[in-house]
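You will see chain A twice below: alongside chain B first, and alongside chain C after that.
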Partner chain A sequence: MSLGAYVGRRLLHLVPIALGVTILCFFLIHLVPGDPARTILGNQATDQRVALLRHQWGLDRPLPVQYGKFMGRVVHGDLGTSLFYGVSAGRLVLQRLPVTLWLIGFGALLSVLIAVPLAVIAATHRDRLPDHVVRAVPLVGLGFPPFWVGIVLLLVFGLHLGRGFPVGGYGNGFTGHLHSMFLPALTVAFGISPILVRSLRASLLEVLESDYVVTARSKGLPERRVLGRHALRNAVISTVSVLGVNIGYLVGGTLVIEQVYALPGVGQLMINSINQRDFPIVQGVTLVFSVMVVLVYLLTDVAHALLDPRVRFE
Partner chain B sequence: MNARTRLLFLAILLSVSALCATAALASRSATPKRGGSVTFARIEDSQSFDKTNVFQNESIWLAEQIMEPLYTVTPDGKRVKPWLATSVKVSNGGKTYTFKLRPGVKFSNGKAMTSADVKFSIDDARKQSKGWGYLDAAIKNITAPNPSTVVFNLKFTWAPFLADIALFANGIIPKNWNGEPRAQFYKHPIGTGPFMWDKRVVGQSVTFKRNPFYWQKGKPYLDSVTWKFVTDENTRELQLRGNQIQVDEFPPFNSIAKLQHTPGVTMTLFPSTRTDYLDMNEKYPPLADRHVRRAISHAIDRQAIIKSVLFGHGKPANSFLPPQVPFYNPNSGGLQFDIAKAKAEMAQSKFPNGFKVTLLVGAGAQVEAAMGQILQNSLKQIGINVTFKQEDTSTEFQDVQKQNYQLAFSYWTMDIADPDELVTFAVDIKGGGAHSFFTEYNNPTVVNLSHKAQRETNAGKRAQLYNKLQQIAAGDAFLGFLYYSPFRYAYSSKLHGFFVYPLGNYHLEDAWLG
Partner chain C sequence: MSRPLLRVEGLRVEFNLARGVLRAVDGASFDVQPGEALGIVGESGSGKTMALRALVGLLPRTARIASGTVEIDGVDVTAAGEDERRELRGRTVAMIFQEPKTALNPVMRVGEQIAETPLVRLGLSRRAARTRALDLMRLVGIPDPTRRVEAYPHELSGGMRQRVMIAIALSADPKLILCDEPTTALDVTIQDQILKLLGALQRDLGVSLVFVSHDLAVIAQTCTKVAVMYAGQVVETGTVDAVFREPRHPYTLGLLRSVPDFDMVREHLSSIPGSPPDLASPPAGCRFHPRCPFVQDDCRGAPIPLIELGGVRATRCLYHERCAEDVRREPVIAGA
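Entry: the complex of A and B
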């Protein structure tokens, strides 16, 4: 099967997945107690005013009817209107999406930039001090919760040490985003890079002992070339899968980091909308998240195949 | 003059010069400066700027910067004073109010405000059945005999009328929503206030800029004000310290002491109308027993709650009305912590051996969890076993309003400078629309006093009615009065003239950066 056909087929899989996600999400969020009308009308709400608002929003209709209406809108690209803000839910989600994509993309990039050199150092110094240090120190990063790491980074780099980075926010323009998103991305990297280091180190150790590496060395190739051209390319294949799984997890897990750094991303929108029982936004974000996760896994598979010619698209 | 005398003279001269310079600096810093922008960071984003239908403080306090009422609340929160009107004449036995409008008031689009705008604005507000229209129910009709006069005819005498007119929902907007559809107008409202609409990124920030046509000459001083949505309290504090924001709205109680000693930060606790309560649902038979409710009220260790939850920044509540509300009676006999009295009340009740009760607590609501622990320990001493039912805050809110609870925490902040809004909500089981603060408390004497106070325009007589009402309600212990707490604001020491009223709103036309 060609790459194009494979990608097309996987994209078609998106339809039943997205449909399943919308059904699950729609009925789960409506099963949870809590009424958006009461939340919005506040503690002065009387039963009469709550009923009026519920009727206006169509929340007094049977759930299957509400779901039918929701899906009818979704196929036309309309996620409905936010109950809290009274504006298009789709527009709100799309406005927030770049922030989350920046966080995930920049975080993944920093994770790789940190993990690859550390893994190479560890693998080439097996069971020596650098290896022990590389294996132990990043694990500490895994032990700290992201909100704590975020606050410490803000304190150190945002308030002290010359106030080199802004204390939260998304910044303006590409360089502004790059500047503002560095600490949040570093916080993401703190969580992912230790896993990547361990995975890549293990693969590298295995690859470095394989016959073709011994052959490359015996041909007199410099060690840098052996590592870069022969060992790393093959070792990185399994790490790509690990990275893909972690990015997939990150899609729904950026919430804490967005909260700490006051980033107006999708995760932050999601949690506020759940608290406000803003059903259209919760449904919209879930739909977007599910599509993103499927796409990340698809990209991981494609990258895997491109790195390893033995992998066939089936 | 010898050398010693010359030295002394020089020292005196230098001291006097230093004193003069300090005084000059002080007087200069007290003179408002024009220019600069201020950014607020707060835990919630604004929902809507439709002042007639929005109940969220984070929206209301912003809308008030754009749309102003005829009368406004005084800084002590207890009275009203002329604002877009200069005076009012009451006639026809208290059923006709004739307002004279302030000359020279313009909307931010440059058009003059007239009586037609006032009539339109309040007619529109009172039509809103889902919104604040119920507070204008006494109005029979409004006429505009000339551009500077507005006449309100009431259906009956209504003592809180001027306080109701000062409500944000009765703020003045251009007639016919300035030619736009209603919903469109409130996406970027126009008013006579010190600031005008600039921009909004939904879910992130709202920015207002100076209204060049503002009727108070020279004001506002600030060029613009931005409200940012920053959910994490630690981040808000760090942003204040990093000068990325100038105002941190409602920092947590446990950070107050630290912020009070942070250089460059002013931490102020403004007296508020916020009152926290323990709701006791009388649909649960033990709580319908007056002695049981009195026992619980006596068993609440308010000082322990204030110490551990508010870190000392609060006062025990002794009435369901807060001190910043007119006719608050400090001697209404609100029950205070006394375990011996609590045991005596339990002994007189139908449940002398105690009972089990469930306390609704918001999941992740640390304040409620801490108060619940204190309450659980106290009530155990009088034979009441409390178990917690944790729910996320939205569900908790719904269950309280649907009276699907036994014990729960709640609070109130005033919207008008009159007790009527809270009294009706809290004790008028039928008229208040909230089953007496969702407790099912029903004392016809109290309801009758509340109705009489609504129609009594003599302030002295009204005070007597509310005194009696508070005393009976306190004796019935229909709510556990917990504590009064302040509004907490940490802001840049460069920000001057920032003052929060007991109702929670602020007049940013007086704020300036020095």
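Entry: the complex of A and C
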């Protein structure tokens, strides 16, 4: 099967997954106590007023009917209208999507840049001091929750050490984004890179004992080339999958980080909308998130196949 | 005789294990003249693979050379630094491994793997290295090299993969090729092709071979000289002809008698009783004495030195005459 056909077929899998996610999300949010009409009208509003608004929004209809109407619109690319902003929920989500994509992409890049050298140092100094340090320190780091790491980074680099980085916001233009998003991305990287280091170190150690590394050494190649062309090239194959799974997790983790750094991303929109019971937006964001996770997994599989010629597209 | 290409003297390889030091190779000595093929034969675990890997400094992480000298082309490998050893690898000494499936990098095209030594070590241009790879593939008998050069190892058969390994070994014109059971993982018919190829290359290119195998027939087919290893020690050396015709160590005799005999010289197919000793605590005296049919009291005492028998012949057996007599009574090879 060609790469194109494979991607096409995998994209078809997206349909049932998205369907399942929307069902789950739709019914879950209606289980949450609290009513958008009551929230918007306030506690003083009469029951008739609230009931009228609920009727206008269609919230008094049975849930399956509401779901059917929701899905009918989704198929046409319409996520509904925000109950609070009065504009298209899809537009709102799309407007904020670039911020979140920046955060995820930049964070993943930084975590790779941190993890690869550390894993190489650890694996090539197996059971010696550098290895112990590389293994112990990130493990401690993994114990700190991202919101705490984010706040500490903000305090240290944003306020105390020369205020080199903005304490919030998304910045303007590419370099502006790069500058503003550095600390948030670093927070993301601190969460992922310990896992990457562990995985890459383990697979490097395995690969370094393999026969083909002995073959590479028997050619009299410089150790740098043995490591880069032979060992690392094989070791990253399994780590790519680990990275993919963690980026999948990260899509949800952006909620917290966007909140800490006041980033106008999808995660922040999600939190505000949950507080306001803005159902169309919550549903829209969930749908977008689930599509993103599936796409990340697909991308991971494609990357895996491109890195490993033994993998067939099936 | 000219200066040997490879000279090994009292080589000891040790593994540091939790339960103590394991001597995988304990005082191995042998040499190889330019253009010569030496076979090293022994059971699995007799130390032959470790001896081979020690020659070029490619021991596993937990093993080290404890003592002895290895001299390759006039360079004392044991005294040399890692850079000097690396310089020797590929260009002077190349290796072929037992399992071509795992010895080739699975994510690199075979052409690239063959061209790598010429590219990095000989400083050839990319284009010239590729041409060299194609020439080598033709030399080792890989059909349709212009197509195969783009293949990944998993797309080739076992025999083709071993041919690729041989092409890699030849890629920088080494003087010596160390072959670690190169045919063990292959089908018998393919085995024969690979052995013939190695024999032809040795003859035509004048390259020396060290051929490690547990298979006596393989050694007989490819080598002129043989060293028999048991429990980390070389127990007998000599020309293949002499050793196979009239073994002077009971272990060699046992090995020869346990090879199925299709010429019907012998009436029985025998096996060596017992099993090889634990190398962390080998038996005192002759290491073979617990399994030896000719064992005497003094075999259990002091370590037995290698006894020179003239020429390249030597044995680590005090009673090698009895062994020789036994063979005269019941020959092991047809026509002997």
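Following the convention adopted for this analysis, the second predicted complex is superposed on the first by the 314 of 314 C-alpha atoms of A that agree within 3 Å, B and C clash if a C-alpha of one lies under 4 Å from a C-alpha of the other, contacts with A are read in each partner's own complex, and residues count from 1 in each chain.
Keep in mind that, in the parts below, contacts are C-beta pairs under 8 Å (C-beta built on N, C-alpha and C of every residue); 3 or more make two chains touch, one makes a residue touch a chain.
Fair warning: this is a prediction, and the values are worked out from it, not measured in the lab.
Chemist: Specify the outcome, clash or fit, for chain B and chain C once both structures are aligned onto chain A.
Modeler: They fit: once the shared chain is superposed, the two partners occupy separate space.
Chemist: Is A:218 touching anything from chain B or chain C once the two structures are fitted on A? First, second, both or neither.
Modeler: It touches chain C, and chain B stays clear.
Chemist: Touching A:136 in the superposition: chain B (first), chain C (second), both, neither?
Modeler: In the superposed model, A:136 contacts neither chain B nor chain C.
Chemist: Which of the two partners, first being chain B and second being chain C, lies in contact with A:34: first, second, both, or neither?
Modeler: A:34 contacts chain B only, not chain C.
Chemist: Looking at A:46 after the superposition, I want to know if it touches chain B, chain C, both of them or none. Which is it: first, second, both, neither?
Modeler: Only chain B is touched by A:46; chain C is not.
Chemist: State whether A:168 touches chain B only (first), chain C only (second), both chains, or neither.
Modeler: A:168 sits against chain B, while chain C stays out of touch.
Chemist: Would you check which partner chain A:24 touches, where first means chain B only, second means chain C only, and both and neither mean what they say?
Modeler: Once the two structures are laid over each other on A, A:24 reaches no partner at all.
Chemist: On the superposed three-chain arrangement, identify whether chain B or chain C touches more chain A residues.
Modeler: B
Chemist: Given Cα centres, how many degrees, to the nearest 10, is the angle at chain A formed with chain B and chain C?
Modeler: It is 160 degrees after superposition, to the nearest 10.
Chemist: So, does A:159 touch the first partner chain B, the second partner chain C, both, or neither?
Modeler: first
Chemist: Pick out the closest CA atoms of chain B and chain C after fitting on chain A and give their distance in Å.
Modeler: Across the overlay, chain B reaches chain C at a minimum of 48 Å between C-alpha atoms.
Chemist: Quick check on my understanding: which residues of chain A belong to both its chain B contact set and its chain C contact set?
Modeler: Shared contact residues on chain A (touching chain B in one complex, chain C in the other): none at all.
Chemist: Spell out the residues on chain C that touch chain A in their complex, using ranges where they run on.
Modeler: The contact residues of chain C facing chain A are 53, 56, 58, 60-61, 86-91, 94-95, 97, 99, 102-108, 116-117, 120-121, 152, 154, 165, 168, 172.
Chemist: Please output the residues of chain A touching chain B within their complex, sorted ascending.
Modeler: 32-35, 38-50, 52-53, 56, 84-87, 92, 95-96, 147, 151, 154-155, 158-159, 163, 166-169, 259-262, 264, 268-269, 272, 275-277
Chemist: Please output the residues of chain A touching chain C within their complex, sorted ascending.
Modeler: 126, 209-212, 214-222, 225, 229-230, 233-234, 237, 307-310
Chemist: Could you pull out which chain B residues touch chain A in their complex?
Modeler: By the definition above, chain B touches chain A via 41, 45, 47-48, 55-56, 129-130, 183, 201-204, 228-232, 234-235, 238-239, 241-242, 244, 391-395, 397-399, 401, 410-412, 425, 433-434.
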